[in-house]
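Take a look at this one; I'll ask things after.
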Amino acid sequence: MNDESEPELVREESLFDAPPIAEQERMVEAILFATVEPITIRELESRMPHGCDGAEALAHLRKRYEGRGVRVVRVGDAWAFRTAPDLGFLMRKETVETRKLSRAAIETLAIIAYHQPVTRAEIEEIRGVSVSRGTIDQLLEMEWIRLGRRRMTPGRPVTFVVTPNFLDHFGLENARDLPGVKELRAAGLLESRPMPGSDADDEDEDDDDIGGEDQTELFED
Amino acid sequence: MNDESEPELVREESLFDAPPIAEQERMVEAILFATVEPITIRELESRMPHGCDGAEALAHLRKRYEGRGVRVVRVGDAWAFRTAPDLGFLMRKETVETRKLSRAAIETLAIIAYHQPVTRAEIEEIRGVSVSRGTIDQLLEMEWIRLGRRRMTPGRPVTFVVTPNFLDHFGLENARDLPGVKELRAAGLLESRPMPGSDADDEDEDDDDIGGEDQTELFED
Amino acid sequence: MMTEDLFKDDKQNVEDRLAAEALIVDVDGFEGPLDVLLTLSRTQKVDLRRISVLDLAKQYLTFVEKAKALRIELAADYLVMAAWLAFLKSRLLLPPDPTEDGPTGEELAAHLAFQLERLQAMRDAAARLMARDRLGRDIFARGLPEDVTRVRTVTYSATLLDLMQAYARIRTRDEFRPFVMDRDSVFTMEQALERMRGLIGFAGTWTDLTSYLPDGWGSDPVKRRSATAATFAASLELVKEGKLELRQNETFAPIELRRRKDER
């Protein structure tokens, strides 16, 4: 703030000719308005003139739109304009019919969101029933889930995680904002507890019995 | 939502229930944002609660967006958000790609440089293959060649010459500074071997050497 | 309905009977034994953490018995669960056997209760998730996005050397010609093919491939290599066309060929 203290720096910055912050805010507004997909600060800055501070401009913009009919929302590490939730009723005409998800798909999605990264075997253990290929495929196709890193356990099973599209669809800033996630974790319901008596070492990939797994340590966050 | 059944009641209710104008403005903002095409005041009002004044709400909204990054503009008798004209440049994503000039282009360029002013027919005679319009256009666009004076021969064909840009790019003061064939040979550039990479390119044009022979007078250097 | 008649004898109260009936009738609608257990546990009307696993096990076993009586085919995992619950039931009822290691009935019961609670929690979470304001239903994205025009600036690179070499290439095209004469000792596959086509009519018996080399190409090693390769390639081509047969008795043995009798 105090220019006197760092005259060198200020002089150097001015060489970049970054537009005033109000102008930068207009730019971020225009860019965010123009797109459907959320945009990261990095992308914003790559499109703005050199020396712009996308994050600061965005912060100003967010403030300006507080309480308006549209808002600046965070989706993962990206940002987008979205209509205010209380005005959804005005947009009936814009409503897109989403394919109705089966109960299995909804549960599978919730399990992936709350337990991610999670393997298919773990999903099956939680649901107590096998997960059909079609269910996973449907969620992948909707781009609500994607493959995560492989588990470093025998067979190196793939894991599933939710996508930014998922966050965007459900209006979540990130997976930590999932409804009730804190309470569930506190209640220990996001752990995979081993079946008593099952040996941690002789855990096998095929979980034909309900809950033979011991992968507690694998469930990060 | 279904108001048809009780029109009287609704009309009466609307006297009391029209939301405050600030709220109506929010509604117009959200609708304009989300709608897939420009929207008329009539349509606006049909979506808003009864008793709303779409025109007034819109007027407020327009005012609010004056000087912002996006503006409310009239499209026919409908309205839509549009990027402020001065920010149009943000809607372009510029990428710079460096590509190697094609063999046809570099040969054509070389002939123009060594023989300028030269007509297209002459270039073709020297190269032994026809020169595509695209190649010439590309060089013109790059501003490495430009049109010279027309030849005073039948048909008054245009000639091509190199530009100052060309000289600049290749670090030449003058096209006459280009080394002659003798010098090229002395510099080891005329070994009786195909130039590196040249044989790989051979397929993309059929240069079966027709007609290069009797043009020796053009080759005097 | 049939089921109603069958349950008439039961001494359960109406509510339980209806619940049990619904279970039986909808057995297809269940998503596995855990789902059935969760549904059954609701009849206990207590917090899942305070559920009586023993009662639940009994209920489940009754459910399986009834399904069997009704000749409803239960999937294997329902029966596996029944067997496990029968085992759990016995563990819970009998005093612990000090000579046996392994988990106690209580530990197993606690684990089952945990699984049920977790499944229920996930179902509740799923419901809350689906009830959120959703994009395209309650919250909307920009309806009229303005496309970002991708402006791709292509800069072409060429050096003075490129330029001079290109010119040199054109100017000295004649000088390159002798180079083509190097192909003197190259026998192309096309040439070999043409030659072979004329000769195979006579190849009734197995003949060494090398005897098909053109005259004068056998002595100079460079020429011989090229001619052999071309002739071999041409032979393969003819085999492909169904005109020739090739054989080689062992690795590095002479390759022999003959005309195919039943020429395609």
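In order of appearance the chains are A, B and C, and numbering begins at 1 in each one.
The rule we apply is simple: a residue touches a chain if its C-beta (ideal position, glycine included) is under 8 Å from a C-beta of that chain, and two chains touch if they have at least 3 such contacts.
Note that the coordinates shown come from a computational prediction; the quantities given were computed from them, not determined experimentally.
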Report the topology of the inter-chain touch graph, choosing from line, ring, star, complete and other.
-> complete
By CA centroids, point me to the most central chain in this structure.
-> A
Could you grab the centroid distance between chain A and chain B? Build each centroid from C-alpha atoms only and quote it in angstrom.
-> 36
Between chain B and chain C, tell me the centre distance in angstrom, where each centre is the average of that chain's C-alpha atoms.
-> 43
Compute the distance, rounded to whole Å, between the mean C-alpha positions of chain A and chain C.
-> 28
Do you know which chain A residues sit against two or more other chains?
-> 33-34, 81, 83-84, 91, 94
Chain C touches at least 2 other chains through residues 140-143, 146-148
Of chain A, residues touching chain B in the complex = 25-31, 33-34, 47-48, 67-70, 81, 83-84, 87, 90-94
The answer for chain A against chain C in the complex is residues 33-36, 80-85, 88, 91, 94-96, 98, 103-104, 106-107, 109-111, 113-114, 126-130, 168-172, 178-181, 184, 187-189, 193, 195-197, 208-211
Under the touch definition given earlier, write down the residues of chain C that touch chain B in their complex.
-> 140-144, 146-176, 178-179
Listed in rising order, chain C residues that touch chain A in their complex are 31-35, 77, 80-81, 84, 102-104, 107-108, 110-111, 114-115, 117-119, 121-126, 128-130, 132-143, 145-148
